[in-house]
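Below: a set of structures, written as structure tokens.
Both complexes below contain subunit A, partnered by subunit B and then by subunit C.
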Partner chain A sequence: MYAQMVKSEGTAAAEMSPEERAFQDRIDRGEKIEPRDWMPDDYRKTLIRQMGQHAHSEIVGQLPEGNWITRAPTLERKAILLAKVQDEAGHGLYLYSAAETLGVSRDELFEKLHSGAMKYSSIFNYPTLTWADMGAVGWLVDGAAIMNQVPLQRTSYGPYARAMVRICKEESFHQRQGYAIMMKMAQGTPEQKEMAQDALNRFWGSALMMFGPSDKDSVHSARSMAWRIKMNTNDELRQKFVDETVPQADYLGLTVPDETCVWNAERGHYDFADPDWEEFFEVLKGNGPCNAERLQARRDAWENGAWFRDGLNAYAGKAAARRAAAALAAE
Partner chain B sequence: MTRKEWPLWEVFIRGQHGLNHRHVGSLHAPDAGMAINNARDVYTRRNEGVSIWVVRSLDIAASSPSDKGPLFDPAESKVYRHPTFYDIPDDVGHM
Partner chain C sequence: MPSLPDMGTPDVMALARAAADAQPHPHDPHVADLALRPAFFDWLCRMGDNALILGHRLSEWCGHGPALEEDIALANTALDLIGHAQLWLGLAAEVEGQGRSADDLAFLRDTLKFRNVKLVELPNGDMAVTLVRQFLFDAWAFGMLKGLATSTSPRVAGIAAKALKEVSYHLERSSDLVVRLGDGTGESHARMQDALDRLWPYAGELFAADAVDEAVAAAGIAPALADLKPDWQRIVDEVLAEATLTRPEVRFDVHLGGKQGRHTEHLGYILAPMQFLQRAYPGASW
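For the complex of A and B:
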């Protein structure tokens, strides 16, 4: 998902220390873990990785949509897209500050993103070629994100759960504004409908990849599920996404680009084909169509903003010194 | 090159007139004025507040999780602090 391949570390139940046992019992009772509570080192490390990856995805996720802010077809669409992208910046900030309660600083996380040591979701390494892509991204990408984020509101780590509550409140606008764009395009001229279909064709597979590898290849799930920092398996969520999305595509008069995608009455689910996993792992390795461009945009933003951050620091320092001197003079 | 990080601030928002300020999260800012500006953008994009407090995270003193027992357990046995402890006959009427 936004955190697609989080390596988790952990101990088998039999080797748990008494503290670890007590910790696991708290989680099993549904208690929230708070920043200053005792926690296993591996829980902390795994969470930093997961929340960091999630935060990075929110931030890098602004780029494909930022691409269209200046080219939105109407002033209203532009205002909506701007508000949506601003929300994503906010989501990144909620998650960075939640991660900081675990003892890592935001700047450290930034450095790890910029050096490539930490990942973000593979979905943001695809280009957004037409205005219809803004529809597909909101509908499918935010839609897939919601699938994962709603259950995470019940995750065991308090600050993470609270950030998720805040994020989920805002996400539904994102998906709906995307679907509204798709509706408009699908009901437009044949060319516009064609653009909508093309956007769906290009984003379908990569949206399915957002849930991470198939359960049989997902080696770190069990530990994370015991800790309640992963609430569902990748395949469960992917199926749920397909089941909700296919009827929405039908409503638009569009077709998901998968002939094998049919309702299976016996299972009570849609059957569907796996996305191209080879492509997925290539994109994760950095070989997607936009990996280099996205990372460079982040690095540039960080480096080119450095003088400004330093300037504000210098101003704050001087103002504080002035206040201290005035206080001294008044004594 | 390592730069000085902006300090961390805790943000408290009064949701509506008449309610307490509530902790909503934290953010980085160089000074209090910028912290309030940033808090407005990060935490009140949808009319969530009518007033903002910010305080440097470093300035917050907190009880430690291990003090939970000594601090809060004594209250458990003081049931007589609750109105439901007292049986008042229905005949007395609303009290």
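For the complex of A and C:
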């Protein structure tokens, strides 16, 4: 998922009000919560944070891949990449719209993104340096996102769950496109293979970080799990990702940059080393390689577009007034 | 999740190729007409390069649009145009008969060989420049593609029919935005008028016929450019009037030459990143 470190506070079962108890019972029965239903304030707030972060990640996530649209090596690759990045913008749109059903406007969420009050996924603060990165981002970053997002199709909040159904379909297509690029590169010239391995080396650790800190350090997830806003623990999903990805890397003839990454027959899983959590927290604080550029690009797009949005609003106002005047004259 | 390594395996790729090859092209006498070949090739490059370079320019907006809906719409338009470029340049390569592909034409020709009009290579500027450029082009492309429906070349008519569906929508959208922003705030009006004043002297190249245009018109492949002008002027005048914008008094055919390979300085800076990978790693497959 593209939400990380979303905190949810809550009350213990014994302290629940009757309303909260009934709400929790509905969730436990697997019912969907809809916008007009009663919900605890914390449920609403936590969801707004989580969906907002997810939406922000989609639109900031346009930037590292958008970076290569003008340099795509063939017309077909250019069209595929453009379509993919456009899909990400579309995901942002679904998610901002879903968040609006909780009573927060898109403009408010943008403002929080631009002021730094809300985060987006740290993965997008890393640079895309070669064409192989378009493969690695699709394969690993979208792949990690899918791990998180597939369970969210069953999340308790109806509009979020329905948005995730569409998003997951497109994301799994993106992952295949990314893998197709990696296959071409891994089977290509020695230079292309070198780019492919280098991209895997650079994105492996940060992809593992996308699942968030280890469960033992993640104290805020219990309430979100009870509310079915979060469906699996960070470590479960990370393990699942590693188990699926290592054989895919083997197939490409590429090596996962972790010497300790071996199959553990006893556990029935791959063992693997923790990513560099110190780096994770540094990037989260704003000290990643591209934090400043990414945020500035979003702020610039917003500020430079103000006259455009104002113009459209002004026209809509005039057109409405003209319609009203015409209706009055017709009476 | 389905297993990723299934994709792109030789058997799957062979099936895809066989399916593509099985789609027959209609017989087209012009494709093998040796006398017409140089003009037909040049004209197809003009059609393809206009779409490619404008699509490329629009794709530069991706992730930087003024509103999410606009970001998506710009990418969508770019995607359509890149698709048209693939078709026009693919046919150009076939007509040329030198074994080149659409990608070879897009990524391995230098500035002097590009045949797009100067209008489409001009920098994006603000959204006003991008939209006015788009509108002036869409209004021309709409008329051209409509005219190509009755082309004596079935291959050309086929591509045009597909492209026209998309370009009709592009024109609807760019006209609508020109009206809204022209008649929006004082600032949006001023920006749109300024963009129009700056771009107007480039629009005439779309109608400046040379021997190439005359040869394909004489062969019945494409309409004569002069015949497209009255409809274009009508569309432009109607939209500008509704947008409360003033049609510039200056000549509209000042900046010519793009179609003959004499471009602005900007084209080189489009081709440099666009062609980088193909130039840096010759012969690699992507």
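Here is the rule we use: the second predicted complex is superposed on the first by the 330 of 331 C-alpha atoms of A that agree within 3 Å, B and C clash if a C-alpha of one lies under 4 Å from a C-alpha of the other, contacts with A are read in each partner's own complex, and residues count from 1 in each chain.
Basically, a residue touches a chain if its C-beta (ideal position, glycine included) is under 8 Å from a C-beta of that chain, and two chains touch if they have at least 3 such contacts.
Quantities reported herein were computed from a predicted structural model and do not represent experimental measurements.
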Self-check item: Residue contacts with subunit A in the superposition, subunit B compared against subunit C
Solution: C
Practice problem: Could you look at A:Gln86 and tell me whether it touches subunit B, subunit C, both or neither (first, second, both, neither)? | Solution: both
Quiz item: Touching A:Thr74 in the superposition: subunit B (first), subunit C (second), both, neither?
Solution: second
Quiz item: Touching A:Ala326, do we find subunit B (first), subunit C (second), both, or neither?
Solution: neither
Quiz item: Who does A:Ala265 touch here: subunit B (first), subunit C (second), both, or neither?
Solution: neither
Self-check item: Which of subunit B and subunit C A:Arg36 touches, first, second, both or neither
Solution: first
Quiz item: Which partner does A:Ala163 contact after superposing on A: first (subunit B), second (subunit C), both, neither?
Solution: first
Practice problem: Report for A:Glu100: first if it touches subunit B alone, second if subunit C alone, otherwise both or neither. | Solution: first
Practice problem: Starting from the residues of subunit A touching subunit B, keep only those that also touch subunit C in the other complex, and list them. | Solution: 83, 86, 90, 93, 106, 306, 309-310, 312-313, 315-316
Quiz item: Which part of subunit B faces subunit A closely enough to touch in the complex?
Solution: 3-6, 8, 25-28, 30-31, 34, 41-42, 45-46, 62, 64-65
Quiz item: If you look only at subunit C, which of its residues touch subunit A in the complex?
Solution: 1-2, 4-5, 7-8, 52, 56, 59-60, 62-72, 75-76, 78-79, 82-83, 85-86, 89, 102-103, 106-107, 126-127, 179-181, 183-185, 187-189, 191, 270, 273-274, 276-278, 281, 284-286
Self-check item: Touching residues (chain side subunit A, partner subunit B) in the complex
Solution: 34, 36-38, 83, 86-87, 90, 93-94, 97-98, 100, 105-107, 162-163, 166, 170, 306, 309-310, 312-313, 315-316, 319-320
Practice problem: Name, in rising order, each residue of subunit A that touches subunit C in their complex. | Solution: 59, 62-63, 66, 69-79, 82-83, 85-86, 89-90, 92-93, 96, 106, 131, 139, 146, 172, 175-176, 179-181, 183-184, 188-189, 191-192, 244, 248, 251, 297, 300-302, 304-316, 318
